[in-house]
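Just below sit the structures, each encoded as structure tokens.
Shared chain: subunit A. Partners: subunit B in the first complex, subunit C in the second.
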Partner chain A sequence: MTLPLYVPVASPVHRLSAGVKLLCLAALAVLLFARPTLTVAGAALVGTLAVGLGVARLPVAVLARQAWALRWFLLALLVVHALTTDVASGAHTVLRLLTLVLAAAVVTATTRVTEMVAVVERLCAPLRLVGGRPQRVGLLIAMALRFIPVLVERADRIRAAQAARGGAPRGVRALRTTVAPLLVQLLQMAHDVSEALDARGADDVPAHRPRRT
Partner chain B sequence: MRFRRPGAAPAAVDVADPGRGIELRGVGHRYGDRVVLEGIDLRLTEPRVGVVGANGSGKSTFARLLNGLVVPTDGQVLVDGLDTRTQVRAVRRRVGFVFQDPDAQIVHPTVAEDVAYGLENQGVPPDERAARVAEVLERYGLAGHADHPAHLLSGGQKQLLAIAGVLVMRPARIVFDEPTTLLDLVNARRVAELIAGLEQQVVVVTHQLDLLDGFDRVLVVDGGRVVEDAPPGPAVATYRALMEHR
Partner chain C sequence: MKTRDLAYVALFAAVIAVLGTIPAIPVGPVPITAQTLGVMLAGAVLGARRGFLAVLLFLVLVALGLPLLASGAGGLAPFVGTTAGYLYSWPVAAFVIGWLTERAWDRYNVLRGTLINVVGGIVVIYAVGVPVLKAVAGLSWTAAVTGGALPFIPGDLFKAFVAAAIADVVRRSYPVIERPRRAAGAR
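Moving on, here comes the complex of A and B:
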């Protein structure tokens, strides 16, 4: 699945605080599973699309990419349900999952990562009581989002280098021949990134950092 | 009342003296048994200092000594009088560092968020932070990319972003470790022009000798020692002569 990043648009959804959006997302998830009816799931999907495309004015492609990336998984889910229970309950399950994924996409596309991270840091504030640093948790999340595409790019580069030298392994062998050099590269990169964090004052974080805007 | 152990170093005092520049006193560094640098005594006060040398000559370690990323195993490195061993945080606030590979330096998913990272660490208030980020992005032609994912930028834009992330912190000195190695000619020229226009003291480690045009001083590092310390013309001639005999 692709990770939708912030899509800058001046909309009321964008202006809403990250905490409220995450609460709404959690409430939607609870509703979908507490009231498992086709009407509720259908209405939630329509509502999600209305908020995402109508109010937040996100490009259709942002949401379509999420649905498209899930197509095989959703299809498999439908088939399994059709074989084990019935098609209607399969369609219902698919509808609920698709709605949740699209709602999550609307939240991430309308919220800056720093705002999301600030919410996580506030939730992790009790860690301070045991000597933990919530900022570190926030940084961890931001860095995970930042380095997923880099990781994919590095893996592609390794596969391309192998292909250029006549290697075109498939299956488990492909996994093995890609994973080992990728791990070596990632360890080197982890060292470089830790140096960069030091150079940019990662250890300099004040005990109570001013809130992000 | 607190007593100091006999022979212990005096408590570090975080008072910088900007006129002193960067001083290396009897500096050496080794990784295990391997000597990487030795016998370096220098004082760098010139606005533009270049460092050249073959691969593995120790120049990247030399660069990392200047802002405390590497602490010398022998001797002492002082930045404006601050010891990199005992006052590393104060040193890093004064000396920015730009790495060769911007992908390793960009730690946040979007452009503006990444530029703001160093300021967050310094505890700069949000309003001032936003203003400084906007100003730096505007100055380096990245304003239109503020909310774009960093991984979608071109190589040249990523290097500009990495430099912007350092400049926004307003260090007094900046160390560049091979800043143009991964760039095409156009972007390399752009970065060279950017470096030439900086008001800060700049130390540039590079293999691209034309980057050193107009520099005040160039150090040639070979086998872990500074074998030449001169203006660009004679220093580059020494470097070329060294390389021809390999």
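Moving on, here comes the complex of A and C:
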């Protein structure tokens, strides 16, 4: 169901650490809003394309898809600006938006999900100071990803069972007869999973935390 | 937070993700999606804290590069684009819905639930989403409201009702929210 947004290529951009890439993206966003000129936005767009297509050697289609999804909106934006202010400000806004979206797409296409998860866990390290456990963030992400196909499968099963009994109820009635029971089943499943995890020590205090004696 | 709470949080992040596979209706810059239904459900079923975390976790998954938003969008692009404000408002919306639901827990019914979902799922989301759309796209207030709020009101009202109807059934058969604890600190 999920098509990966990551595009594997052996390039310097792919090898760059995920944290650095995210910092660059944040810096670019700050720059584009702090220096709102056509030159800066144009240069940033050229730079983004050079990094994405030239250095990272991403297929053009990967970036084109992002731009294409925005086409009507960007066009409407240009028209609204041309009518209310002037074409130059419209061109600038369009350029800035396009640049940011493409830059974000470059970061996503060159960074594996696992690397991003590692960055998130590192960003959550300060949680330790308030008694939180950053490792649990990884557990959360893993659980959510595992639940997605399970959910789809459970929904299909209920639908098949109802079809076998002469068709699923439609409309508002389906909420009571299908959706709500499905949700209850899933909550019970989540509870079972958590008990299984606890039985395997998920709720233990991490060993490296100094214990009071 | 117990492991059970983590599992519930992960489950609702997954629910929001799966709701994204229901095709979105594109209207202008911001599409109508079923995912805000998931946001409302997270608050109404899990309560403020866990609902907030569930939506936050979903957004983290999107930011990690998984194409989980309706229409298969994902990665960091949606967080800087025109719909960014709506995304940022989602966890807050779930929190507000959860908080109000916890307060109304003993007297919860479909009508109260719908009203609560309207406050959190419509008022809060538009209050953040529309100004951000205006700023990112450089639109006038009129254009931002006609493009970023008005087309969604009928759908959002319907979703508020649907979420309340589901939450009401779940509340009676498998309540996840505990009654507000009067005793301080007991956990």
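Criterion: the second predicted complex is superposed on the first by the 128 of 213 C-alpha atoms of A that agree within 3 Å, B and C clash if a C-alpha of one lies under 4 Å from a C-alpha of the other, contacts with A are read in each partner's own complex, and residues count from 1 in each chain.
Throughout what follows, a contact is a pair of C-beta atoms (placed from the backbone, for glycine too) under 8 Å apart; a residue touches a chain by one contact, two chains touch by 3 or more.
These numbers were taken from a predicted model, which means no experiment stands behind them.
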Exercise for review: Identify the partner contact of A:139: answer first if only subunit B is touched, second if only subunit C is, both if each is, neither if none is.
Suggested key: both
Check your understanding: So, A:202: does it touch subunit B (first), subunit C (second), both, or neither?
Key -> both
Practice item. Identify the partner contact of A:128: answer first if only subunit B is touched, second if only subunit C is, both if each is, neither if none is. Key: neither
Check your understanding: Hey, is it subunit B or subunit C that touches more of subunit A?
Key -> C
Practice item. Give one of first, second, both or neither to describe whether A:193 is in contact with subunit B, with subunit C, with both, or with none. Key: both
Review point. Is A:153 touching the first partner subunit B, the second partner subunit C, both, or neither of them?
Key: first
Check your understanding: When the two structures are overlaid on chain A, which partner does A:8 contact: first (subunit B), second (subunit C), both, or neither?
Key -> first
Practice item. Using the superposition on chain A described above, determine whether A:35 touches subunit B (first), subunit C (second), both, or neither. Key: neither
Review point. Between subunit B (first) and subunit C (second), which, if any, makes contact with A:113: first, second, both or neither?
Key: both
Exercise for review: With the two complexes superposed on chain A, say which partner A:173 touches: subunit B (first), subunit C (second), both, or neither.
Suggested key: neither
Revision key, fill the gap. Residue overlap on subunit A between the subunit B interface and the subunit C interface 5-6, 113, 139, 143, 145, 150, 189, 193, 195, 197-198, 202-203
**Study point:** Complex interface listing, subunit C residues touching subunit A
**Key:** 1-11, 13-15, 17-18, 21, 28-29, 41, 45, 57-58, 60-61, 63-68, 71-77, 79-82, 136-140, 143, 162, 165-166, 169-170, 173-174, 176
Study note, to complete from the structure: So, in the complex, the side of subunit B touching subunit A is made of residues 64, 67, 69, 89, 92-93, 96-97, 99, 101, 103-110, 113-114, 116-118, 120-127, 129-130, 146-147, 149-151, 165-166, 169
**Study point:** subunit C partner contacts - residues on subunit A that touch it in the complex
**Key:** 1-6, 22, 25, 29, 66, 69-70, 72-73, 76-77, 80-81, 84-85, 89-90, 93, 97, 100-102, 104-105, 107-109, 111, 113, 116-117, 120, 136, 139-141, 143-145, 147-148, 150-152, 155, 172, 175-176, 179-181, 183-184, 186-191, 193-195, 197-198, 202-203
Review point. Given the complex with subunit B, which residues does subunit A contribute to the contact?
Key: 5-8, 112-114, 139, 142-143, 145-146, 149-150, 153, 189, 192-193, 195-206, 209-213
